[in-house]
Amino acid sequence: MSLTLQNVSRVVEGETWIDDVNLTLEPGSFNVLLGRTLSGKTTLMRLMAGLDKPTKGKIIMNGVDVTGVPVRERNISMVYQQFINYPNLSVYENIASPLRLAAMDEKEIDRRVRETATMLRIDPFLDRLPLQLSGGQQQRTAMARALVKDSQIVLFDEPLVNLDYKLREELRQELRALFKIRNCIAVYATTEPNEALALGGNTAVLNEGRLLQMGPTALVYHQPKNIVTAEMFSEPPINIVKGRVSEEEVTFDETVHFRLNSDLRGLSPGEYQFGVRASHIGLVPHADDDLELPVRVDLAEISGSETFLHVHNPHFDLVLHLSGVHAYHVDQEIKVYFPTHKLYAFDAQGKMVHSPARMRDQ
Amino acid sequence: MAWMSWTLPTALFFTGIAVILVGMTAWQIISPCVERRGFLPLATTRGDRLFIGLLSSAFIHLAFVALTDVNIAVATVLCVLWMIILMRWG
Amino acid sequence: MTHSTSPMTHNKSGSKEQAPVHSRAERKARNATLRGRFGLTLYLILLLLPIYWLVNMSFKTNTEILSGLSFFPADFTLDNYAKIFSDSTWYMGYVNSILYVTMNMVISLLVALPAAYAFSRYKFIGDKHMFFWLLSNRMAPPAVFLLPFFQLYSSVGLFDTHIAVALAHCIFTVPLAVWILEGFMSGVPREIDETAYIDGYSFPKFFVRIFIPLIRSGIGVTAFFCFMFSWVELLLARTLTSVDAKPIAAIMTRTVSASGMDWGLLAAAGVLTILPGMLVVYFVRNHVAKGFALGRV
Amino acid sequence: MASITLNALAHTYTENPTKPEDYAIREMTHVWEQGGAFALLGPSGCGKSTLLNIISGLLKPSNGEVLFDGKRVNELKPEERNIAQVFQFPVIYDTMTVFDNLAFPLRNIGVPEHKIKSKVHEVAEILELSDQLKRKAKGLSADQKQKVSMGRGLVRDNVSAILFDEPLTVIDPQLKWKLRRKLKQIHEQFNITMVYVTHDQLEASTFADKIAVMYNGQIVQFGTPRELFENPTHTFVGYFIGSPGMNFFEATLENRDQQDKLVFGKEEISVSDAMLARLKAMGANKVKVGIRPEFVHVWDGKNNDAFAVEVDYVEDLGTYKILSFIFQGQMMKARLSEDQQVPSGQIYVSFPEQWTKIYVDEYLVDITDSAIAVDQAQEISHAN
Amino acid sequence: MQIKVENNKAWFLVLPVFIIVAFSAIIPLMTVVNYSVQDIFDPYTRYFVGTEWFEQVMQDSRLHEALIRQFIFSFTILIIEVPLGICVALMMPTKGRGASLALILVAIPLLIPWNVVGTIWQIFGRADIGLFGAFMTNIGIDYNYSSNPIDAWLTVVLMDVWHWTPLIALLCYSGLRSIPEVYYQAARIDQASRWAVFRYIQLPKLANVLVIGMLLRFMDSFMIYTEPFVLTGGGPGTATTFLSQSLVQQAIGQFDIGPAAAFSLVYFLIILLVCWVFYTTIMNMQKDK
């Protein structure tokens, strides 16, 4: 069972929502659609599901063109961002509903419903109505309904976004585990790079209706093909600094120079945009050739166990990703160390022309 | 149907309206229209402009009947012109 | 900033030994509520006075009515009601009214439900104009169509039948029903429909099993509004009926003019026309607030 | 400006509460000093919004009292408490301009118009709303609306406190950090007591000097973000703060070879003698051991202090990795840096004594002088 | 606002409504148009007269007067009913048993058949058997709605206010109920006065329902027939003869089908115009939300 989108576009009222997407999803794969709000994730999923029809292009399932086939004749399931359940049916009936419609016998339905409910840990609530449950439990119910029938494609449209982050962490892990043992195509849309990384599998990066890059998640992360992908697939966002490469050295914003080190030798002289991941800038030097930059603190965002430090100097704004809890005042002056051998370089068109050596091994 | 007391002019009138409606539907299917803003103080679609045109034409006719002794055909000609302006630039 | 300091001094005066502080705002709020209750009571009294007067009269004899004003019937009598319930020309009026109102409610809901669904979920050619055209019918004065109605229903042989009145009332109950139901349906997320289709429901099955239960209260409210407008209308109902389907409201007017003002009987008949409405509003009281905003807020 | 004291405060929504579970807020006494930036952090349904509404006066507590600067304000309505509150969804007066919105609280208390004007412009300047002042508030974007509602709290000179109820929920992720910065700046500038309610650890720790973590209607810990991370005094704090949260397992106090030992499965967990003595004294046989994934030490080879464990899987989160391993049948996690080798099969881990926390009845058994602990912690994290 | 899916098959769902309303609306409308251009004696004896009836109608002073009376009446009742309705809605309790009770009581006048409303006021306003009439007489006002045009007007307006203010009140009540509690909380924290709360929170949120309410009230008062017919019969003289009643008199009373039809069309066009203006306003307001 595979799913292929061939030159798929969707235009709504003169606006292009999906622009010429080509995509193949392999059986048993877990695929993440990563993109900002309005990047076309939901639209793409609706096309895969058959809820909307593409303006152009074909959707092929297992070699069969299903472009015009209505959703109820495709074997898919979908979980939405909102907690969508039938409010007038009990949790049990909610989960059983797709099976009922498939005219399965009562014993089998009961077995499957209980099994799925247990798997998602909502078995104590089977007799309740969905609205009597907490948000997390409601979403589990929706997931159970999606998983109870053996769909060939399971679509998740930002299913965890309305939950507390702790619940998110837990459910994400459960999902990963659940799909390990299934042989269906899972598609999971999210705006958060970290979620894509945590879920693993493949990642497709979408921007303004266009597919920028698709591949194994770690590969896309470490080897972004272009600057937009790099920016979208990083949290906190990757630091982008304009620079010029000459015969001998690299200059950032006409002010900061460093010698062209072996790592960057391949670059021909010219204008580039350099990217450096927030976690690679440090408070202490890690290598001899790290650049020391005096900066002013904008804000230290602390996330329980890590710190995102926003700083700036007259020439650029930077974000640092530090492990542990670090408190700083707004406008405090500090020094940070900029790694010259962990740079990504993008050319004028935004195409990646260089990545840090170690990343290429991944 | 006798009780409806059909006359040729009214029959023609209603046939005309029906033809316009069918035509507008066909037009919409062939090339869907997008809401736009013309000289009217609100965004309108083609259908909205048609409605505004028909309603205002009715009032123009009434005004002619009430206020002048000019032949009603003059009003009709005026209205057709008005409709064209409205559909094109409204 | 004279005002802003006053709560502070206020605090100080009450702060000794953490004794309760008097809240001026609290008192103000309480006074406002009291004023509101008083005003409402006054309004309700004025509102109910004419109705009370009618009820009062319906328990009096004609002699008492004409001999002077009194707030309570001195000579309490049920004769007026007895007369209505024993005379078939009277009570059949109620039966007729209830019959065509019920028919109207059923027809309106049956046709309005799918239409409202279409309006709330889909875009289609002419949708907005259709909606407006429906509403304009709700606004059209029945008097305009009186004569053609009479002839139309006569020509199809429906004159003086209940269904004729029910259908005629549809021109204002159906648009209203579509409007209200559309409001309620728009409140149901579209994703529920899609989930159902994904689960494998066909449209009719989904509509009946999932969707209709979801908008139960909307349906209740809509039925109430259909009832209300069909029950209170007289002009069309009177024009389209003569004997067999004559509504109570029309019978009242006729009887009154013929029998030289039987005030007690008239009052009793009037009281009886109010009761069904009160019964219906009682059932939907919890949803009626939303319904009055046509499901839209 | 005021300090806020909660004195034996409790609240219930049921009429005849019998058990502790009936209380949305269980009896607590708590002080927020004047001028501090505080957060109230907890999962949904823990009672944090209830507590906030009690402070602002929108709710009356069933027991106990609320004191502003030592004065009881239970009976005062919100409008008399002189506080400002920013709600989850921006509340603005649609039909007014931004200027009128900001001027509204001042006009209500009869401030002269020229004063209003200067004050509004001052606040608008800080919030970067100056060029929006003439616009209708209705057309603003969500973050601007939220700034306007904050501004309404800031225009009054003498507010006792500003309360925030998850104010960034509706803000675009890209704009969130800017507003956070604004908030922080405003706090440093105005020195007003601020209480910030959220379920998000990032927002709480970023904003607040001290965080009160709420769980089941109780404040289970009140401390700086660093204390919450390094020295959680309740298992819930350990679990809730940090991603992933603290590892926990249940160990027993056993006597082996004439010595008290903390035992989990077949392994002995190394803890200080003082701790063992303390546990013995408490009569606690069953304890929970907690250690943060960040502090689990993964060794390359066999080692005396290390336990042999089985690797379950490794998540590559880009800038770091999360290693899940099975320790005596219990799934646990360790955080690896980006550069660290990814082990597989059997590996060796150790739990540094300093970071191994012992909990009895969900509360931390604290034997160190907390000041020392914090000092040490600081040294270590700076060395990182 | 949810995004709607384009689907022309939805027409099948609308078809039943279309057929049922078309049957009762389009056929009669076409008939009225046919009548309006002919002089009709019986179905087989009729003559085409062109726009003659329209000329007659547009220049008929009785109809002009009825139209003016109609507008004055509609505006009068709007001016009274809207503020009164808002006041009542503000005073109604929002919670508990009192809320249900108030709701039911306020709704009662709306559920009374229109001729019974007329009857109630016919009785209530009479000096010999009605409380209101007797009260007016007792305080020394010479009040008689069947002979004095001013009294007749007063009674008809009073009756309409009594009958229809509840509609505005209930609409506003539901509008008020939809205002989230936090708006009130924020206002309290901003130390807003009761008036400021009304002016800046409640009134803006009521705008939406008020427009709907005014549309319904304007339209319904524009076609008012039954209540004044029962109460005053349009009199004294033609003091309370509104449009519908003139029309019915002409069409059924005098059996002038042609002029009546022409009149109907003019009447209908006015209604259509007003209805369209209101409808467009409502739709634009909802778009803004």
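Order of writing sets the chain letters: A, B, C, D and E. Residues in each chain are counted from 1.
The rule is short, and it goes like this: contacts are C-beta pairs under 8 Å (C-beta built on N, C-alpha and C of every residue); 3 or more make two chains touch, one makes a residue touch a chain.
Source: prediction; values computed, not measured.
Visitor: Chains shared as neighbours by chain C and chain D?
Guide: Under the touch definition, chain C and chain D have A, E as mutual neighbours.
Visitor: Chain pair with the most contact pairs?
Guide: Max contact pairs: C-E.
Visitor: What's the farthest chain from chain D if centres are computed as the mean of the Cα atoms?
Guide: B
Visitor: Need the CA-centroid distance for the pair chain D / chain E, whole Å please.
Guide: Those two chain centres are 58 Å apart.
Visitor: I'd like to verify one number: the distance from the centre of chain B to the centre of chain D, where each centre is the average of its C-alpha atoms, in whole angstrom.
Guide: One centre to the other, that is 67 Å.
Visitor: Distance between chain A and chain D based on Cα centroids, please, to the nearest Å.
Guide: 27
Visitor: Roughly how far is chain B from chain C, going centre to centre by Cα mean, in whole Å?
Guide: For chain B versus chain C, the centre distance works out to 37 Å.
Visitor: Please set out, as single numbers or ranges, the residues of chain C touching at least two other chains.
Guide: Chain C, residues with two or more chain partners: 125, 128, 132, 148, 151-152, 189.
Visitor: Multi-chain contacts in chain E: which residues touch at least two other chains?
Guide: Within chain E, residues 5, 8, 27, 31, 35, 272, 276 contact more than one other chain.
Visitor: Mind pulling the chain B residues that touch 2 or more other chains?
Guide: Counting only residues that touch two or more other chains, chain B contributes 3-4, 29, 51.
Visitor: Would you pull the chain B residues touching chain C in the complex into a rising list?
Guide: 3-4, 25, 28-29, 45, 47-48, 51
Visitor: Chain D touches which residues of chain A in the complex?
Guide: Residues of chain A touching chain D: 37, 134-135, 164-167, 169, 191, 193-194, 197-198, 200, 217-218, 221-222, 234, 277-279, 298-305, 308, 310, 321-327, 329-330.
Visitor: In the complex, go through chain A and note every residue touching chain C.
Guide: Contact set of chain A toward chain C: 49, 51, 70-72, 76-78, 80, 82, 84, 86-89, 97-98, 101-102, 142, 145, 149.
Visitor: Residues of chain E touching chain C in their complex?
Guide: It comes out as residues 2, 4-11, 13-14, 16-18, 20-21, 23-25, 27-29, 31-32, 35, 87-88, 90-93, 100, 102-116, 119-121, 123-124, 128-132, 134, 162, 166-167, 170-171, 173-175, 177-178, 194, 208-209, 212, 215, 219, 222-223, 225-226, 230, 243-245, 247-248, 251-252, 257, 260-261, 264-265, 267-268, 271-272, 275-276, 279, 283, 286.
Visitor: What residues of chain C sit close enough to touch chain E in their complex?
Guide: Residue positions touching the partner: 32, 36-37, 39-40, 43-44, 47-51, 53-54, 57, 65-66, 69, 107, 110-112, 114-115, 117-119, 121-125, 127-128, 130, 132, 134-149, 151-152, 167-168, 170-171, 174-175, 178, 186, 189-190, 228, 231-235, 248-250, 252-253, 256, 263, 266-267, 270, 273-274, 276-278, 280-282, 285-286, 288-294, 296-297.
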